[in-house]
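One chain, chain A, links the two complexes that follow: it is found with chain B in the first and with chain C in the second.
Up next is the complex of A and B:
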């Protein structure tokens, strides 16, 4: 997830109207999307193996997503405006898309039935 | 109330896993087939020209602060002038372009092909699932649902006392359909996932695109207020240097 240095999306010359380098912004958003998808799949498998059911599983999913958001914010050194155009991108984007993958991979290893 | 049915591992081996594997493989196959079948249209000169005009207009909007007011105004009139401005499309002509695009046989064939390549594998797989894998409990979904979902999720199972969490393979198919979208975007790289909804939106908007975006750009340029940033640059340079020296 190399998003340092050359991946800064907003130009440095203006601070009143922020100019965004569209290509870099796009690539940053894509890397968030990939990492969230991957984490939701892995999280689903883990939730299934540990045997979470019902509400516990969903809470686990949102915990994983929150940890992912925190990790992404930390990687962007907490200065969101150099890499993205709004805070919502990091925190909310792709959460509900990942939910379906999470549920799918959660159902697979579910302990109470097959093992 | 929730009696724990123990499902046979044979179900897992021979139903769930093959179904998922088949769906992944069909997705990959469809991706490659659509890549092969994409007929390469020679780009239309008029469309390319309009695209470039739109790009120029957008750059003008974004960088308006860097050019003096007079040049900005002259560029603005060049674009939005009523008689011969580039972005001004008279109403009659706009409608014509759209109608022509839809009746153009090449474009219509392309859209048909894309549509079919979406729909046929889904239909076939669904029919296959229904034929082979109906009539037994396939999986247990981990969260409880209300009784109203019973008809949807437990389609082949005729017992009415079984917990709603035990679903038939048809619902496993749908679960796979939605859940594998994320996986496809990881494997096939860059949003080439099963974005059938996105693609349909894209296709329905294609005929409109040129004329509507032109008028949108025109409105954007009309609205913008010119604020020349250069006088402030000296002050800004001074601030930046001060910050460095601190």
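Up next is the complex of A and C:
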């Protein structure tokens, strides 16, 4: 019986790959992306105002991302399998994409407040 | 979600105020010709508070997570489509046991 939104491959009787609702998965991934992008920008602004330079700034960024990962895992009630297809979605996706936004918003307040 | 936006805006206002205060502090240090490396303690507290508000807003404002399992309670397909012209009810499914407990979700 076809269900709305099912896109996973249903193979043979043994070793069926898991079927999941792709629409909801995409919505969840978009939600994570928004959260991480916003926090990258905010982290950059804070790092600039605080006056972090060099490696300290990057360490601060990874700390903010770690806090965001923990918060996202908590939002998913720590049962990642219910909302995502792998743990990497919560803990790894979007971290290096947000790094560029962080650096962009880091340099402007730093220049304005300190140099 | 609205509370999330409000908290996010509040966090942004706190950060803007902290930035303004840091610029003022830098101006004051320039007058007394002292070196500076970081903003004063109250600005740091304000920055951390703004960060906390923004983290909360970043988690609360975007859409809630929805389950990806097709057979979970919130993914039940119980509403009839608006156009019933192509729906057939006289099919082999009528031999399945009927679950009379399912109700139409509003």
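The definition used in the following text is that the second predicted complex is superposed on the first by the 93 of 115 C-alpha atoms of A that agree within 3 Å, B and C clash if a C-alpha of one lies under 4 Å from a C-alpha of the other, contacts with A are read in each partner's own complex, and residues count from 1 in each chain.
Convention: contacts are C-beta pairs under 8 Å (C-beta built on N, C-alpha and C of every residue); 3 or more make two chains touch, one makes a residue touch a chain.
This is a predicted model, so every value here is computed, not measured.
Asks: Chain B versus chain C on the shared chain A, clash or fit?
Replies: Fit: chain B and chain C sit side by side once superposed on chain A.
Asks: Which of the two partners, first being chain B and second being chain C, lies in contact with A:25: first, second, both, or neither?
Replies: After superposition on chain A, A:25 lies in contact with chain C alone.
Asks: Could you tell me if A:61 is touching chain B, chain C, both of them or neither one (first, second, both, neither)?
Replies: neither
Asks: For A:38, decide between first (touching chain B), second (touching chain C), both and neither.
Replies: both
Asks: When the two structures are overlaid on chain A, which partner does A:71 contact: first (chain B), second (chain C), both, or neither?
Replies: Second partner only.
Asks: Give one of first, second, both or neither to describe whether A:84 is in contact with chain B, with chain C, with both, or with none.
Replies: Second partner only.
Asks: Name the chain, either chain B or chain C, that contacts more residues of chain A.
Replies: If we count touched residues of chain A for both partners, the winner is C.
Asks: What's the minimum Cα gap, in whole angstrom, linking chain B and chain C in the superposed view?
Replies: 11
Asks: Counting contacts the way the document defines them, which residues of chain A are shared by the two interfaces, the one with chain B and the one with chain C?
Replies: Shared contact residues on chain A: 19, 30, 34, 38, 112-114.
Asks: Using the touch definition from the top, list the residues of chain B that touch chain A in their complex.
Replies: 4-7, 9, 12, 16, 62, 65, 139-144, 172, 175-176, 178-183, 185-186, 190-191, 229
Asks: Please name which positions on chain A make contact with chain C in the complex.
Replies: 3-6, 19-22, 24-25, 27-28, 30-32, 34-36, 38-39, 42-43, 45-46, 49-51, 64, 67-68, 71-72, 74-76, 82-85, 109, 112-114
Asks: Which of the residues in chain C end up touching chain A in this complex?
Replies: Touch list, chain C to chain A: 8, 11-12, 15, 18-19, 22-23, 26, 36-39, 43-44, 47, 50-51, 54-55, 57-59, 61-70, 72, 75, 77.
Asks: Mind pulling up the chain A residues that touch chain B in the complex?
Replies: Within the complex, chain A touches chain B at residues 14, 16-17, 19, 30, 33-34, 37-38, 40-41, 47-48, 52-55, 57-58, 97-98, 100-108, 110, 112-114.
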